[in-house]
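The following pair of complexes shares a single chain, subunit A, combined with subunit B in the former and subunit C in the latter.
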Partner chain A sequence: MKLSFHLLKYELLFALANKGILLSTSFFIILILIVGIGFGQIGESSEKTLLAIIWIAISLSSLLSIKTMFQEDFDDGTLDLYILSNTSIETIIFIKSIVHWITTNLPIITLIPLISFPLGITIYHSILICFVMLLSTPALSFISTIGAALTLGEKGGNLLISIFILPTFLPIIIFGMKISLLITNSTYDIMAHLILFALSLICIAITPFITSLIIKIHYT
Partner chain B sequence: MNLIGSSLSCKRDGKLIFSDLSFKIKSGDVCFIKGPNGSGKSTLLRLLAGFIKVWTGKISLNNEDITNRNDIIYNNFFYIGHSNSLKNYLTVKQQIDFWEGISEKKYNFEADSFNLKRILNRRIYECSEGQKRRVGLSRLSIDNKKVLLLDEPTTSLDIENVSRLKNYLKDHQKKGGIAIVASHEAFISSNNQDIILTLNPPKNRERDPFI
Partner chain C sequence: MIKFRKNIWEFANPNNFLSIANKIIPFFLILTIITLSLGLVWGLFFTPEDYRQGSSVKIIFVHVPTAFLAINIYFMMLLASIIWLIRRHHVSLIAAKSAALIGLIMTLSAVLTGAIWGKPIWGTYWAWDPRLTSFAILLMFYLGYLSIWQTMKFSDKIGDLSSWLCIVGSIFALLSRYAVFFWDQGLHQGPSLSLDKEENIDNVFYFPLIICIIGFVLLFLTLLLIRIKTEIQKRKINILLNARDG
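Moving on, here comes the complex of A and B:
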């Protein structure tokens, strides 16, 4: 446990030093602005399209800094050290995914009430949507580790990751979008919430094992 | 303690890197791996560290077969590769703290085998290559394992620090440990007891059509 906190502390430090946090949040804001302005020209920017933009933007920006997750450790030899250490790779992947979530998705989620207010979504609704995103976005971070592991050692693997991983975000986006729409209509469907939460938990439980398998295969 | 490799061979991407390699190393031995560039020195070390699978042959530690048994390898073997496993934006002190936390052991600042006291507050990117190597090697004295696998440990070290490394390896020898060092330079060879393992690249290193 002590070791996990030690790793969490240093992984956070590494992630903050990489400035991925600035990259993903500014990408998110720019994407929302551009698409919002684009839709504004048609004059049909309803709440529904804005919600869709938010969900697309959050899934794209969570993939932005994923390539460095293992690549940097692989290049400087820290991954060798992790593999030879007493901790299991699964633990390290779990911690890395949590750190990725804290440094990319969490700042974006906190921005959503600020962004959605000028776009015409009430504060109350946007806070509820934030809550839904808090439940669902860990799955995005955990799934994208698979892409990061698959493209380990590949140059320019960022595009490859998007091709592999974006389709797997679909269930999360479908349910997340559905719930968000229900929220803006002031209706609630507890089943949809439960399914979304279950999807997220399944991803958290399974992906560290898949990712560690890929990394082990990559090494041997 | 003894480490025996019998008729080892290794393939990487379908290419034969080395074949039919045998060695026997016992407690207190330092083994030097020599050979021209590309002869598979680093590959042999990574193979012993469990990163690469053995193609044919057997490795045994204390008469127990440890071929591809990563659990035993991880408990007994210590590997330092070409890269120093350093993070540019940490200070030397943070870097050592990071390793101490992972291996749950402490760096002995009183002995300070690699003379780090003076550069503790320096960031890694401010260090020279030699200083980086010293910080990288300081992992040796944090996590003391029985079998050391060192890949070109003397790269960019000055004479004084090479002798520090020598002293460290001699201490390790006295404690009954094993060290396997890949090096172009013969930096302990004055001592005739060292084992020298010479690797020659196979003559027909062609791609296996079936892989």
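Moving on, here comes the complex of A and C:
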């Protein structure tokens, strides 16, 4: 337990020192602006397109620094020591995913009211959308660890991660987009919210075990 | 005369598999040609035209079997991957690998024939109907599975990785499928473009359709056996080349 807290602290400090937050938020803002400007040129800039852009941008930016999550530890042998240590590899994967979520998705989610307010979604609705995202985006970070584990030790694995992992985001993106659209129409479907959060929780519960099994393949 | 083995696990030896596959393949090939030509000729030339859809209904004899196979080949890959992970059954892994491309082609042809059928009936080649969307999802997972084999060299490690990818992929493909269906049946009214064809199909179409499905399944099995055979021989050649080069 003590080791887990140390690891959490170390990973957070490491991510902060690497300016990960700055990079992910700037990537998100640039993506939103570019797609927004593109849609503006063809005269199509409604709330609907904005919601779609936000969800797609958040799923793309949660793949950003995923390649380095295990790769650096794998290259310099830290991962070997993690596997040999008393702390289970699942715990380490859990901590790494949480840190990944805190450093990439959380700053983006806090930006969303700032971005969506001037573009036509009321502040109340955008805060509700933020809550939906807070509860559902951890699953994106957890799922993408599977991709990081699959392409461990593979050169140019970034493209492969997108090919493997982006389709698996679909259930969460579908539910998230639809729920956000309903929120902007001031309708609330409790069942859909519950299913989305259940999906998120299931992903959080299961993926560390799958990822650890995949990582162990590289050590046999 | 084929000598029957004690159990299926002995086919894990590629030589046992090859000796039996060589005897079975011509038999399967002839059976496929007979069934497919019977089903297609009966279906395309000797069935009446639908009173609403005209002659375009006849594409059902290609569309339904390919769609049926596209879904079931993924299940077959999943089963084969699980067998590889549990029993280290090499032929099973090669079967999963070989089936993926056939599955991709079946998915593409189902989508393509559906588009050709959709244009005169619905007025559009593609609509974001839940069933069409779930085929798009299936296509993505086939592409993901194929790309891991295309980019990495064949080894047991990649076999494990691809099997896990297949398992994870099938979980999320199922989840996405139900996510897509949830909205169209939960909140919105049912889609006006329904693809439930087999519910109210007449016997005139039913029997040739069944023969076509059997024919396409046989076609898949024949192609799969040929591809597995090729793959095993390719691996043998690679091993020999590596041994020669030291």
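As a working rule, the second predicted complex is superposed on the first by the 220 of 220 C-alpha atoms of A that agree within 3 Å, B and C clash if a C-alpha of one lies under 4 Å from a C-alpha of the other, contacts with A are read in each partner's own complex, and residues count from 1 in each chain.
Going forward, contacts are C-beta pairs under 8 Å (C-beta built on N, C-alpha and C of every residue); 3 or more make two chains touch, one makes a residue touch a chain.
Source: prediction; values computed, not measured.
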**Asked** Does the superposition put A:205 against subunit B (first), subunit C (second), both, or neither?
**Response** neither
**Asked** On subunit A, which partner's contacts cover more residues, subunit B's or subunit C's?
**Response** C
**Request:** With the two complexes superposed on chain A, say which partner A:194 touches: subunit B (first), subunit C (second), both, or neither.
**Result:** neither
**Request:** Classify the contacts of A:17 with the two partner chains as first (subunit B alone), second (subunit C alone), both, or neither.
**Result:** first
**Message:** According to the stated criteria, A:127 is in contact with first (subunit B), second (subunit C), both, or neither; which is it?
**Reply:** neither
**Message:** Between subunit B and subunit C, whom does A:34 touch in the aligned arrangement: first, second, both, or neither?
**Reply:** neither
**Request:** Once the structures are superposed on A, label A:167 by its partner contacts, choosing first (subunit B), second (subunit C), both or neither.
**Result:** second
**Message:** Under the contact rule defined above, give the subunit A residues that sit at the interface with subunit B and also at the interface with subunit C.
**Reply:** 220
**Residues of subunit A touching subunit C in the complex** = 143, 146, 150, 154, 160, 163-164, 166-168, 170-171, 174-175, 178, 182, 189, 191-192, 195, 199, 210, 213-214, 217-218, 220
**Prompt:** Where on subunit A does subunit B make contact in their complex?
**Reply:** 3, 6-7, 10, 13-14, 17, 75-78, 80-87, 219-220
**Message:** List the residues on subunit B that touch subunit A in their complex, please.
**Reply:** 49-53, 74, 77-79, 81-87, 89-90, 94, 98-99, 101-104, 139
**Asked** Which residues of subunit C touch subunit A in the complex?
**Response** 137, 140-141, 143-144, 147-148, 151-152, 157, 160-161, 164-165, 168-169, 172-173, 175-176, 178-180, 182-183, 186-187
